[in-house]
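A single structure is presented below for examination.
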Amino acid sequence: MLNIGILGCGRIGAVHAGSISRIDGARVSAVSDAIPAAAQTLAEKTGAPVRDSAALIDSAEVDAVVIGTPTDTHYGLIHAAAKAGKAIFCEKPIDMSADRIRDCMSAVAAAGVPFMTAFNRRFDPNFAHLHTRLTAGDIGAAEIVTILSRDPSPPPVSYIKSSGGIFRDMMIHDLDMARFLLGEEPVTVFAVGSALVDAEIGAAGDADTAAVTLTTASGKICQISNSRRATYGYDQRIEVHGAAGMLRAANVQEHTIEVATAAGFATAPAQHFFLERYESAYLAEMEHFVEALRTGNPPSPGIVDGLRAQVLADAATRSWASGQPVKIPLD
Amino acid sequence: MLNIGILGCGRIGAVHAGSISRIDGARVSAVSDAIPAAAQTLAEKTGAPVRDSAALIDSAEVDAVVIGTPTDTHYGLIHAAAKAGKAIFCEKPIDMSADRIRDCMSAVAAAGVPFMTAFNRRFDPNFAHLHTRLTAGDIGAAEIVTILSRDPSPPPVSYIKSSGGIFRDMMIHDLDMARFLLGEEPVTVFAVGSALVDAEIGAAGDADTAAVTLTTASGKICQISNSRRATYGYDQRIEVHGAAGMLRAANVQEHTIEVATAAGFATAPAQHFFLERYESAYLAEMEHFVEALRTGNPPSPGIVDGLRAQVLADAATRSWASGQPVKIPLD
Amino acid sequence: MLNIGILGCGRIGAVHAGSISRIDGARVSAVSDAIPAAAQTLAEKTGAPVRDSAALIDSAEVDAVVIGTPTDTHYGLIHAAAKAGKAIFCEKPIDMSADRIRDCMSAVAAAGVPFMTAFNRRFDPNFAHLHTRLTAGDIGAAEIVTILSRDPSPPPVSYIKSSGGIFRDMMIHDLDMARFLLGEEPVTVFAVGSALVDAEIGAAGDADTAAVTLTTASGKICQISNSRRATYGYDQRIEVHGAAGMLRAANVQEHTIEVATAAGFATAPAQHFFLERYESAYLAEMEHFVEALRTGNPPSPGIVDGLRAQVLADAATRSWASGQPVKIPLD
Amino acid sequence: MLNIGILGCGRIGAVHAGSISRIDGARVSAVSDAIPAAAQTLAEKTGAPVRDSAALIDSAEVDAVVIGTPTDTHYGLIHAAAKAGKAIFCEKPIDMSADRIRDCMSAVAAAGVPFMTAFNRRFDPNFAHLHTRLTAGDIGAAEIVTILSRDPSPPPVSYIKSSGGIFRDMMIHDLDMARFLLGEEPVTVFAVGSALVDAEIGAAGDADTAAVTLTTASGKICQISNSRRATYGYDQRIEVHGAAGMLRAANVQEHTIEVATAAGFATAPAQHFFLERYESAYLAEMEHFVEALRTGNPPSPGIVDGLRAQVLADAATRSWASGQPVKIPLD
């Protein structure tokens, strides 16, 4: 039985605890949150005891930790968990600073503990199937990757201000997906952005509408576009054009019903947001983490993937600010 | 150059004349209509002279005739054209009476002239492709044929009264399609019908909503349903379930544009009615007729196909009237 | 907390136990199976004790029973549970004999216990949404209901022999769906059937390919077709043509990925079979049962729905045997 | 009757002549080609006489000219036709040099003759419908335009060498479409490109895989990607993300048939190439030209649209060469 401690009992912590309850051979063995009521609620649901975070990390009843606390606490928790020899499952972003992520990498490497960065979209059954077909060679070598990603509605401007900006907060998922699908590191990034959805987002120094072009050393191209608002639901599409064909992932709609009237044929909006859209991805990523610990294989994506996505997001942010393409720094 | 005389310059005659003008090696050489103005209009468009029907049929300037006149005149025109040795392209139904169609068959056989019954749907590029894939064995032997066919809106009750009823006037196309796809003659038919669209159609003794089940000697099954009214356009779908798979023809919509809003995703209505939906079928059937005459192969569907569809429609009508399944008579 | 006893710990019993574990306010409180190992496995998974069926029914630790045992045991268990005053959730068919179902109805009515017949498809989120839109009047009055239902592959002939035949074993789900969507009782049924998939099924006196036409007093029409074999997965489609439009439920495919190659565009097969396809329907029907008991509203579909579907299946079987349409008897 | 002279009787000249033959009130009155056999073939098909180009332009039997000759001859023919007072329908690109297009603009303006640049895609019924819905405000203001455009296979390298490069030869259509949909002039362009399809195209100094990002003064964004090779047909998709929704144009497939087998569901490739895909666009653009001359309204797109697309293609080419974003020069 793998005993997992939950650090952070907010929305995403509860999602991961729910996933663990559906996985044979794993259980939630302790929970922790800075807000006592949040910890208590999850403790009742899981039957696991409440601990403070330091005690949870050091406890013999915990083999692995799930870090779902605010981003600025990740650094300390990762160091503590690595020192305590616990396997780590960490929400993205690992940290807002690439240098601090590098510090975490060193600590994790020194401790030799397994580390997984929670890029959940890689585990969406549809996207995972696309990746499987791609790596199986079904469309030959990837040449152009196109990612269209739109949130249903923007977060409050107060959130925007501490979010690190659209490239680090929202597009980072797409930048990770680009790396996943290109099979090769991007070497240049060019970014554009505007505040078309909400002028206050612009006044706060951020964009709500953005697009990026990535290129790789061998000449592959990736185009990503983001909007913070889509009236028709959570728009999540990817496609890969390859030498022998094309792979495409459509939106997942709320239901399959089609209604035909004089206006034509109508189907449902896209599933509203990430908790619905990626419900099975959250389960699958935790299954992967548990299975990796069971077999001793390193979980993937690892801490280096968390670093590289952050480096890409930083570079995109600089490109947007300068209006110039930016070379992606090596690790 | 194949010289074709047009008998009947109404809507369908004009369609056939337009098709002929797009076919190399064929031309409209004469036109005829009981209404002088109709003939005159088509004469101007085609550059062909107006003739009375007897003169047109006997003229040396005519190799083949297209019969698009009212149904009750077909019998006489077919006999005249056969006697004159002209190839015949005849609109469906050949006649309202199966016995009179048998007379026409005898006259055509005695004269040895080519005869084509204008079941245009067999020539729709989509349905034709489905048939090609089916006969190529792509889904194995056909087992269940399903045909959904709905008109956008009912004709006037005055038309209904002289139409022969829904099975002979509307479903006859689907009955021919069933024969085309089953690859085997139906041996029993069971029909139901109601007047749900317009009570006056019911008062006139006809149904506007109808369904038929056909079976063949080897146990294949075909289900057809018709409605005289579909708010979303001209609904024309067929599918064949076979031993190794399924073939399906979707509706053709007015355009490919999808609009996404908070209500979901919306696409266009089905193309409105037969002139739009089957525009390329009308061209293809005339190309087939011209090509058959050029090569000397018999055109298909032939006069026997016109007869058998009529026999099926008669049997369906009797089944509906009696509430009992009816055995399909042999020729 | 609602305490539910599971009678029958086979595949479907395990599905219902899994659903109950995901519903707040309900738990599995006891399990029973004629095969001790089956009961033991489910007991371990749920933490509930194993009981023999009589003890389980009479136990104070049980408020409601889920009957998932072989069909021929339903009669006795329903009578016992009704006598013990327990709410009953019963798998379909309630019994192979309509008369015996009527006996069960009397016992349930006399005891005044809630009873739900497990027609799970009514709870599929897609079909449920279709029904909601239909009853909201979005397409006006229903006129033609079309149900296409095909299993991926036939059961063993040994199963066929005791199944009651395709109309009672397979089409009964579609007959219930027809009643659900027509909003009116069918008054006549006409059935055809063949053994096209497996000649041994024919030799066993059953069909593997079948079609039915239902009519209602007001003239609505329903066409159903079944095949025991579809190479492309579990084919489950329904559509309703109404006065103001059409509602349609498409198949649920294994994933959303489209691959484009020189052969064209390809998507996934339909989800393979009922456990995958109706996973959320199984959960939703149990949620409905629990909610009905909590609020005191009668669960639906009730025992009368189980009876009427069986009566329809019996009538379809007689129609197939006789080749004649059959009037549906009243209750 | 509008008399139209065809300058250039190659493939595209024949397409335009065919369109004219289907338009009431217009006819081909003369044809001209440097290759006598090409002119002769079209003369036979249209019944119009062969003329040399100077004679055709000056002839009283010609009201308007269609210029479908090699690009380097456009400049002279436009000047001659303008001087002769003829209306001009000119294939794109008007010229490879923006400065020479400006000369043509002056000549056309001085002569006051109507001029239409043949950006046929604006007249595709699907794209035209998308534009109509967009300008009607159905999705609010455009924010992100995405254009995916891929040819089925690359032209010979010999053609590539004199083509002006992928941005001027292939992407120019997409650049015009971007202007059409953005409703605002692009102010910056950033381009990337690679030779992934054919190394010889790279050796010839061109790219076969390319992507562009455009921005407008108000912050709208457009992403375009091109490949010279798509195994699944001629891939032509556009979408516009707006404040209130999204509009999307799917590919047009060869037929509507879906075949289901154990491998899943398969549909046809995209229509192979531009003559099939844009057949109705070619007809519609000529109808627009004829109608514009009839009513006296200026045809659109005009010569300035030809210029601006060329200026954009030039700027994209410079951006690709330099690796830097480029500001779009004003006229």
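Chains here go by letter, A, B, C and D, matching the order in which they are written, and residues are numbered from 1 within each.
Here is the rule we go by: a residue touches a chain if its C-beta (ideal position, glycine included) is under 8 Å from a C-beta of that chain, and two chains touch if they have at least 3 such contacts.
None of these values were measured; they are calculated from a predicted model.
When the C-beta pairs in contact are tallied for B-C and for B-D, the bigger tally goes to B-C. Relative to chain B, the chain whose mean Cα position lies farthest away is A. Rounded to whole angstrom units, the spacing between the C-alpha centres of chain B and chain D is 40. Centroids of chain A and chain B (each the mean of its C-alpha atoms) stand 58 Å apart.
Residues of chain A found to touch two or more other chains are 230-232, 244-246, 260-262. Considering their complex, residues 125-126, 129-130, 133, 138-139, 244-252, 255-262 of chain B touch chain D.
By the touch criterion given at the top, residues 230-232, 253-254, 260-269 of chain A touch chain B in their complex.
Touching chain C in their complex are the following residues of chain B: 141, 143-144, 146, 148, 150, 188, 190, 192, 194-197, 209-211, 213, 215, 218-221, 223, 225, 227, 229-232, 235, 241, 243-246, 323-325.
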